[in-house]
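Here come two complexes built around subunit A, the first alongside subunit B, the second alongside subunit C.
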Partner chain A sequence: MQANIHPYSRIFFLITGIAGGAFCTNNFLLLAFWLLVLLPLMMITGNGKAHFSFLLVVVLPMSAMLLFLSWIVWDKSTADFGNVLLTILKMIVYTTIVQVVLIIPSSQVYTTFKKWGMKGDMLVTSLGSYIVWVDIVNRSDKILTARFARGFIPARTFITRLKQLPHLLIPLIVGIIRTATERSESWQQKKVLYRIEVMKASEIKYNAFINAGMITAGAAWLLLNICLRWK
Partner chain B sequence: MEVTGQPVIEPTRISHVDGENFSGRSAYLQSLIKSADDESSRLPSGVMVGSMTASYISGLAPTVADEIALHISGINGDYEHRLRQLLSDFSFERHSRENPFNLSGGEQALLIIICALLLEPKQLAIDTTLEQLNSTWRTPLLAALSDPVFYATNISIADNRFAEYSLKARTYRPHRHTTAGDENFSSIICPPDIPSATVAKNLVLDNLSFGYTKKQPLLQGMSYEFEAGSIYHISGMNGAGKSTFSKVLAGVLRPSSGNIYMGNSLYHAYRFPGKAVGYSFQNPDEQLFSNTIREEIIPKALLKANKNTAFAERVMSAFGLSRLAHKHPSEMPFVIRKRIALAATIANEREWYIFDEPTIGQDQRNIAETAKLIKLLAQNGKGIILVSHSEQFIASFEHVKTVALKNGGIN
Partner chain C sequence: MEASGNNTYANKTLTLAFIPLAVGINLGIGSIVHVLKLPVYLDSIGTVIATLMLGWRVGAIVGVAGCIIISLTIIPPAVYFSGTQVCIALFTHLAGRSGGFRNVFRRVSTGIMLAIMATLVSAPVTYYLFGGITGNGISIFTIYLQSIGLTKGYAVLASGISAELIDKTAQCLIAFFILKSVPRFLLAHFHGGSLRENNLIG
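Coming up: the complex of A and B.
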């Protein structure tokens, strides 16, 4: 299942979500917001797998490191543990909000950025960072494939793959630089910077229920935290 | 200026920039584009597309449909109709929601030419891009290039396979002054013999299947016996799975089911990638890793293993790379990089070789010598699998066996 989120809903949810999180000092509330709002949103938008991968690869090691450091440096009091937990939960909530807002289906990227008011170089840079990433991933994959095909990687283990990193970098960087030079010439020839400004944004049908839910949840989250902070 | 053949629609609109490798064709095309350039105009005046197809994709459009929309934006609305017609002509609608970078080399080539054409520049230069297209797409594309709707665009094509295209055009041969270092760029010269210690066994596919996702298998239940010492041509539409098939054989991709046998023994291609099957990719830049051409062709691993490097030396010499041995592969022009990739694959001494578009960018003389070299490898007992859209190149092999990929199977 995949639901289309309106660009304005995205930006509203980003602001209210982050602001609400900044005011929040309650671990239970943060956990509840992640479990009841953010997680369902990630699943509904079809990004559940990406979210859990991110949690596993980025957030979990960072949290473990934070816990370890606090265990070394701080007193072993419950209050200190509560503070560390608050930091970890805020990290989870913030990164999930950013994921909800910035994981944009490729067919909606241009429309979303245009609705956000991006123009000129800002628009080009933002679009490029979204789209060229696919090119870089593809290239890395092809280079690794080529090393397998030439018999340079004798076994398919994590360590042997890790050892390929230096060999991957040279052709990757050379390829990217070569492509960048040719692409910039091509942009100039095609007057792409003008074309991108006048390009017609595709029409997208947005899910009213999901968007209304996002706006309501974002607003409620912010108001609740403001009220709890200054009650 | 030499004029050949009878023009089809507009005799002066399409020109063929003829010549050998390093005769200055690309430089001539670039000069045409520069002279056509009009910085004050918001409409493109001169547009060039080349062999490195990914470089000519804007990188700003998340889907194929958006890439095309980007190119027709700000241009006469009538083009939208023409665009739909073009997509339909090439059955390209199914790719409209894909990221352009995920397309195959041939599909990218088609996309960049269509996009460049839709811009309706005064001057369009196509530098060896057409070589990557199969005849099924090439024919309607050439018809589109000749279409009067694009009457305002002069098209210059530098292409080593131009003779295969049956496209009437005036021919122009640019003249290039020789410069220092030119003598280092030699042609490919097939040696009288290229003896190798390894001899291939038959490559047998038993009910082989593969899919990038479980729901959509790309190759299904393939059973076939490739005989050692023979030359095979894998044919099929762009995107039919030729490269995927090659990667499964080379052990880069794991088959979802079925087995590969080398002679009578089970060959664990995926567990030992590149062990018995060498694979030369279409894009050379993805397979060049070393700091010098010599290191690329005679890798340190080969020297460490105290293996006989005479075969690799012969291959390097045959590809005309001996004088450039100390140079960095990335400094070389595309034609030479393609040769280095081919030479490095052959020099590894495998039982079977898969060559994906081995002649892209090579002129007629070098294509003929590459064909001779491949024949020689087959005569010496190696198995050869070719993936190429050049009918002329494939026809130069007297006993080539064609294996057609269609609907995920072998026909």
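Coming up: the complex of A and C.
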């Protein structure tokens, strides 16, 4: 199941979530917000798997390194692990908020950006930047496959792929520049910039319950942290 | 009049088509370096290339967009260093306009000056927002400097400058080397940067 989130709910949740996090100095509250609000939201929107792999591959090693480094720097008896934990939890909360807001299903990207008030050059740039990662991965894969086929790479392990970096870089960037010029000519001929500007946003059915929940949770999170800060 | 209008439109479409792809250069190289925990960043090559090709505004957009996207996927704190990317674009443009990439000596000098500028901009963010440790390879050096008696502020500054010197000099050299490998007829499409000043196009 994938719940549709309204663009305004996304932006409201982003602002209240990050502002609330900035005021928060309580580790337990941050953990509770992540467990009770952010994690269910990631699951409901169908991004649970992506979130867990992000936690496992990025956040966990980074947190371990932060804890380890802090342990080395400070005297073990006076080490301020509470503060390090606060940094780690804030990092998790901020990143998850951004993930909830910015992981948008491809069918809704155009409508969401339009509703956020983007138009003209900004809209085109944002749409392009949004899909660039897939484009770059595909290109790199093609270059590596070509080198593999020609016998330059003995095995497709991580290390051998890494050794290919210098050989990958130049064809990748030359390809990018060539694509940019070709794409630009094609856009001029097809009047893509004008078409994007006047294209009608598609009608999407938003889930009222999820959207109301997001707005309520965001507002409550911000108010709670403001109240606790100036209690 | 109409020809000039067509040229402006062509430049605009070329810029808009190139920005997302240049963001991809920053993302690709930056994420590999971060995953390997190397004591460099190499996350501004796309910014330098875009600035040299299309000017500082485009470079700044590429840098900031790259920071936002990379913080969603690989490096969560990256978004807080968006200001550094804007300064890199601005400095690269000024250096490029005065021929700062014309020969090896100038490229190395530009890299050194860029490193000093980038450290001065990013050190306060590292110090005040992250307490000196951001979880990348350079943090290990910061810790080492603190363990031999340097205060946190000086440790952040010293580790920053030592890493940035290698990093930014390498980036200037790599960016130029890559642009040099691009056929000139392709580069000739791009205006607003400093390709001509650095003998990259005729």
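Just so it is clear, the second predicted complex is superposed on the first by the 224 of 231 C-alpha atoms of A that agree within 3 Å, B and C clash if a C-alpha of one lies under 4 Å from a C-alpha of the other, contacts with A are read in each partner's own complex, and residues count from 1 in each chain.
Heads up, the rule we're going with is that a residue touches a chain if its C-beta (ideal position, glycine included) is under 8 Å from a C-beta of that chain, and two chains touch if they have at least 3 such contacts.
In this text the structure is predicted, and so the values were computed from the model without any measurement.
In the superposed model, A:M91 lies in contact with subunit C only, and not with subunit B. In the overlay built on the shared chain, the residue A:R229 is in contact with neither subunit B nor subunit C.
In the superposition on chain A, contact is made by A:F54 with subunit C only, not with subunit B.
Contact with neither subunit B nor subunit C is seen for A:K163 once the two complexes are overlaid on the shared chain. Contacts of A:T145 after superposition on the shared chain: subunit B is touched, whereas subunit C is not.
Contacts of A:M65 after superposition: subunit C is touched, whereas subunit B is not reached. In the superposition on chain A, no contact is made by A:K119 with either subunit B or subunit C.
In the superposition on chain A, A:W187 makes contact with both subunit B and subunit C.
In the superposition on chain A, contact of A:L102 is made with subunit C only, not with subunit B.
Residues 124, 128, 130-132, 135, 170, 174, 178-179, 183, 185, 187, 192 of subunit A touch subunit B in one complex and subunit C in the other.
If you check the complex, the residues on subunit A that touch subunit B are 106-107, 109-110, 124, 127-128, 130-132, 134-135, 138-139, 142-143, 145-154, 156, 167, 170-171, 174-175, 178-179, 182-183, 185-187, 189-192, 194-196, 198-200, 202.
By the touch criterion given at the top, residues 9-10, 12-14, 16-25, 27-29, 32, 36, 49, 61, 65, 69, 71-77, 130-131, 133, 135, 139-140, 143, 146-147, 174, 178, 181-183, 186-187, 189 of subunit C touch subunit A in their complex. Of all the residues in subunit A, the ones that touch subunit C in their complex are 54, 58-59, 62-63, 65-66, 69-70, 72-73, 83, 87, 91, 94-95, 98-99, 102-103, 121, 124-125, 128-133, 135-136, 140, 162, 165, 169-170, 172-174, 176-181, 183-185, 187-188, 192-193.
Across the complex, subunit B meets subunit A through its residues 33, 37, 41-44, 46-50, 52, 54-63, 65-66, 69-71, 73-74, 97, 99, 101-102, 116, 119, 121, 247, 250-252, 270-275, 278-279, 281, 283, 285-289, 299, 301, 330, 344-345, 348, 350.
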